[in-house]
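To start, the structure itself, in structure tokens.
Letters are used for the chains, namely A, B, C and D, taken in the order the chains are written, and counting of residues starts over at 1 for each.
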Amino acid sequence: DDKEIVAIYKSGTQQYFIDQGDGFKAAAEELGYTAKIINVELDANLAISAVSDAIASGAKGIGLTAPDQALGPAVARSADEAGVLLVATDDPIMKEDGSPVPFVGFDGVAMGTKVGERAGELLKESGWLDGARYGVLSVEVQTLSVCNDRTDAAKEQVIAAGASADSIVQVSYDGTADTSLAATGPVLTANPGVDKWVVFACNDEGVLGANNALKNAGFNPDDVIAVGLGAYEACRPWKEGIPSGFKAALYISGKDVGDAAARTLINSIETGEDLPLKTVANTTIVGPDNYADYMSCD
Amino acid sequence: MSSAILDVQGVGKSFPGVKALSNVSMKVFPGEVVAFVGENGAGKSTFLKILCGDYTLDEGKVALDGTEVSHASPLEARNAGFRLVRQEPEIVPHISAAENIFIGEYPRRASGRVDHAKMRQITTEMLERYGFVGVLDIDALGRTLSPAQQHIVEILRALKDGVKVVAFDEPTASLTTEEADRLFALIRQLRKEGLGIIYVSHRLHEVMEISDRVVVLKDGVQTGDLRIEETTEQDIVNLMVGRELAHGYSRDEVSTPEVVLEVENLSSRWHRDISFQIRAGEIVGFAGLVGAGRTELAKVLFGEFEKSGGTVKICGEVKTIRSPADAIAANIGFAPENRKAEGLILVRSVIENASMAVYSALARMGVLRTSAMIEKVSPFIQKLEIKTPSLEQEVGKLSGGNQQKVVLARWLAAAPRLLILDEPTRAVDVGAKAEIYRLIDDLSKQGLAIMMISSEMPELLSMSDRIIVMRDGQISEPIEKQDATEEAIVNLALGTKAA
Amino acid sequence: MSITENATLQIASPKSSALKRFTNFVGAENLSLIIALIIMVALIATQTEFFFSARNLMNIGQNMAVVGLIAVGMTLVIVSAGLDISVGSIAGCASVVCALTVTQMGTVTGGVFAGMGIGIILGLINATIISILRVNPVVATLATFSAFRGVAFLIAPDGRPVGVLDPNLAWLGSGRLFQTESFPGLPVAFLLLVLVAVVAHFVMTSTVFGRSIYSMGGNPVAARLAGINLTRMRYAIYAVSGALSGLAGVLVTARTSSGQPASGTQGLELEAITAVFLGGALMAGGKGTIVGSMLAVLLLATLSNGMNLLGIPTFYQLVAKGLLLVLAVAIGQWRLARSEKQQAKLAAAGK
Amino acid sequence: MSITENATLQIASPKSSALKRFTNFVGAENLSLIIALIIMVALIATQTEFFFSARNLMNIGQNMAVVGLIAVGMTLVIVSAGLDISVGSIAGCASVVCALTVTQMGTVTGGVFAGMGIGIILGLINATIISILRVNPVVATLATFSAFRGVAFLIAPDGRPVGVLDPNLAWLGSGRLFQTESFPGLPVAFLLLVLVAVVAHFVMTSTVFGRSIYSMGGNPVAARLAGINLTRMRYAIYAVSGALSGLAGVLVTARTSSGQPASGTQGLELEAITAVFLGGALMAGGKGTIVGSMLAVLLLATLSNGMNLLGIPTFYQLVAKGLLLVLAVAIGQWRLARSEKQQAKLAAAGK
């Protein structure tokens, strides 16, 4: 049938993208369209295949979170050639000529900036800046450019808030909680002088792993300022009322991003209007007190 | 006389824990067959492997046709004209027999393509020339070849162009008498063509029959180099073993009325309507030509192959045997003929290989102590004089004959009610053979029923209480010991009328 | 089944019917892959009219090129009783090197050769570790799987993907040949794969090098004693695998218009290994065909395309892929068992 | 002279030195792993004083538990000449099942057993595919690698990680035993691994089951003809591998306080396979030891810990890991060649 749109996600087995897919589908169905979701598991080559499969299946519009922003020109070209509408979700991409592909969501630099700002504020409030022996754990997926964008921006903000550049320690993991936990342990050991830590990462999993490592090393939750990215792991101890390192998290509503992406696409398909260049979805910093206003936690 | 085609001077070789060869020298002249004999583990195969570039020598030198060869690689040895027909044929499983013969040296077309047609043509010609017509399907895959067919492939591989000296390492071990005769004709033909031939065998009558000269090895040291006319089998044995051996073996009949194995109307993919009995204490010999179906019969009885009809009773009880495990549970043991493929775990130790079949019997609640394993099998290892630097040695590193003895040790130790032995003394030296006969005899005295498949006529005649001859999947009436003659057996095997 | 048999069969009976010749070419064992493919295509096509569109078929062809190239090289490696787990990492290095060459020197041909060149070098490193340091192929290429991936990131400035916008390079990844009004054309990447596969099929069936791979894989001792230089063979085989992984990396660059150190070349090893074994190769070596491997690549590519067309959710896709793999091999085993039983019956009926 | 007497002599002499007994236990082949470990530890320890801190050592122990458990099972599988690529996916299923059991039924013991139980069931499925459908182990477990991962997501409500904040479960993942003022205690997860490894070592060396694994791996035909039921063995072996992968999945849940369908259990197969081969197993089967595999796991865990301590960036970590793998095996090969040469020289000299 003619009324079909497709969403392609770089990491479709992650909770965040499952949410996004749900939002995308629900909005499409509401507007009388069918929607398909394709997961490419962080594989740029598969992403190209997925785009061409989507086009071949008769899709009129595609939403794409690319595993890699360098894919922009290749993807934009195929979509243009086939006359299919394309929006980038989460991670912005560019066309060959350098112009942006219409974007829905909240980009990585902005996410990192918000996380870093909040971490900076909490750091200032904590009073650690006045002579406490604190450190900053930046938990990074160094092999993923979209992740480096986030942690780089966060580091910048924390420094802007007054943290010394020396206090920042980089920890590398692969995006999962388990490797973050394993990698953070030795870093804590290597910094025995530090008794208070600020933590951020590329995603909530990274922060969760670091928190567990801190707990294992005997750190009190009070000595940890961890700011999550995603909030889906951060909200769990909040919901249970258990003290944890998580003091705040950037909540990005995957559902909202998916919903907005579908609506934007369908609107342009129906009206023939150009896609809006930028549709910013609902994102906000949440904490133990207010998370429930924005999200359910399960 | 012309000069030596092969001249070996002072060759030595050691392995961890074993000095396999020291200071061995020998010459082979064109048109001469030199036999190379010695006990299991004496160093015969090692010597040949050095000549063919498989092992490097520690000391000494080798000259072929007057030029010294460094034997740095198999390719060099091949090109120099030395060829080995190995004791264990090395076959590539998933390519055709013809291609197996040509690996490494394919005929090519002008375009560089492998010329499959020419390969088949040359193979067919060679089969004709060397008298193997109809014995080998040149298109059959390597893995489907019988031991005898594998040997033919090895032989043809060796005889391809440029051969000057060819060595046969126990070539008759997997052949029946008929096949062996064909091989002798071949060797005589090669001798006429002026090749130098080295012949390794434990069958001394063959040595006497085919060779011009005999070189004897004992524990890696050369103990004799004699013209065949000037020696006797007994002399050779003396040089090999260092003591006198009784000639042949005779045993007293010990069979009792108790029937251990009763086969009734058994049929299978290979067999039709086979019925026979073996009583406790009885040794029943099975004779036949290659392809007669003896090995298959053993495997059907042992549950490795399916039977399509008939019953098998053990000690009067009908047994359903669907797998070797069932067979062992029914108190049957089976020492297969093909030790490398079916008998041994080459990468495991002597002690493990010898005790495998008695694991459950030795274990208490599944727990197995090494000491119990040693206690159980080391008597057999000692009686069979298995030459190994330690019980922990990988079986694959033993000499061929010693490997065979390990398989036997396993089943002698298991002492089941019915023991099936398929070519039990294949590749075993004369001294050890006598010892094996004595052990088999002992077992029969303890009341075991023994089914002994053998292609060695003297062995069948001296060991069996009765002999059954197989032909084309069917069996003859048993021949009682007193009526058994070589001629009678051959006639039944070939299907020719007895005189 | 080994191609020798096919070859000899062909020689033996030249007047075999077209069907028989097809069966011979494909190999009896691979028929099960074709059966599985037919079943699958039938299932997909009843669900969506788009499957048989020319565009979609071209699509499948294009999407299978990267894995296909690697699977060709992997077939040589596995038949020789080796394994190459580093292929994806080699592709990553090649992808980056190609992108850098094209952006910095402006030459697409140079980029292609640089990619294949680095592939060959890395392949030779694998062979050296296996032959000279005597490390077994699994450990050796697990080691370089990690090391080469690291190298790919180190070559890429800041470890980031290197964008390349050269249209000629892009043509390699997504261009079409023989395009007309009514015909969408044949994907260049697919034609490249077909070319490589045909050459490789010829090499494996009809050259001394290819036949020697079967020998060394089937029985290294026999091969060595017949004078085949196993070390030299290994160098050649891993160099070919490296070169084709390199070419696959070049295609990744061409398709994604960026040099991808890892994303885009990840998981290729498992995909290629899956295809080669599904295509009938043996873990022990000595067996396997290019035709089989390519059929398997086609089967996997069709499955993934079909599931994307039908919008099957990831979780079910994973399960379906598993089922297909088991099914395809099980059909083959079942056919084999049946034919063996029949032969046995024939033999029993009257020799 | 029969050399057998030496053998009996050797085994009879009980007064071997402590060093010799250690070498015997570790196995001559594995000494190279210990050498590599010592070199590496020396290198790390000169760069950071923290390496030898009790806390850091405990950390290494804790981090190796997940891979270690899987490597124990994988050792059995590989020695039997099989392969199990599905272990990570099994762990994923078990992680989710454990988390669901704990959250919904409130029983941690139940969760542990449920995790291991699902592991056993999935292991039995692997064995069935291999034995009954006669699919080779690589393809079979590549298939279930995919299928079980799908199942893990399907079990998890909406495919999401299942949070569990039960402190008893957490204790399993990060708790300590024998903790005192001055001693940071021994990690529970590490003790669990040690316990499992010791039992497995005993099973492999001293039980009929273990010995039969070596036999069937070395030559399945000979093993069958010696009365070993290969099918039953395979069921048992894959069930053990499944159970231990399940237990590893339980640990993942305990460590991350959530049931992880994929994250945290991905890539475990390659890691475990690496360890087992590094520990001296043969691709062809019949060889390999628990001690070797555990040393290899320790080596890999120490490397990764050391590099994190030193703050080495990912890209260099990847390269270093590759180099370590090659080095460790190459040392072993070099020692083997040297000792064989020496022993041969001794023999030549007349011992």
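As a convention for this text, a contact is a pair of C-beta atoms (placed from the backbone, for glycine too) under 8 Å apart; a residue touches a chain by one contact, two chains touch by 3 or more.
If you're wondering where the values come from, they're calculated on a predicted model, not measured in any experiment.
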Cα-centroid distance, chain B relative to chain C, in whole angstrom: 43
Intercentroid distance (Cα basis), chain D paired with chain C, Å: 31
Centroid spacing, where centroids are CA-atom means, of chain A and chain D in whole angstrom: 34
Overlap residues in chain C, where contacts from two or more other chains coincide: 153, 159, 282, 314-315, 317
For chain A, residues that touch 2 or more chains besides their own: 13, 142-143
Topology of the chain contact graph, where touching chains are joined (line, ring, star, complete, other): other
Chains grouped in pairs wherever the two touch, ordered by label: A-C, A-D, B-C, B-D, C-D
Residues on chain C engaged by chain A in the complex (per definition of touch): 48, 50, 53, 55-56, 59, 62-63, 66, 153, 159-163, 165, 170, 173-174, 252, 255-258, 260-267, 304-305, 308-309, 311, 313-315, 317
Complex contact set, residues of chain D against chain C: 83, 85, 129, 133-140, 142-151, 153-154, 159, 270, 273-274, 277-278, 282-284, 314-326, 329-330, 333
Sites on chain B touched by chain C in the complex: 52, 54, 73-75, 78-79, 84, 86, 90-96, 98-100, 103-106, 108, 112-114, 116-117, 120, 139, 141-142, 157, 268-269, 308, 472-473
Parts of chain B lying in touch with chain D, wherever the complex brings them together: 12, 14-19, 22, 58, 219, 302, 304, 323-325, 327-329, 334, 336, 341-348, 350, 352, 356-357, 359-360, 363, 366-371, 374, 378, 381-382, 385-393, 410
Residue ranges of chain A touching chain C (in the complex, touch as defined): 6, 12-13, 34-39, 41-50, 52-58, 67-71, 73-74, 77-78, 96, 142-145, 148
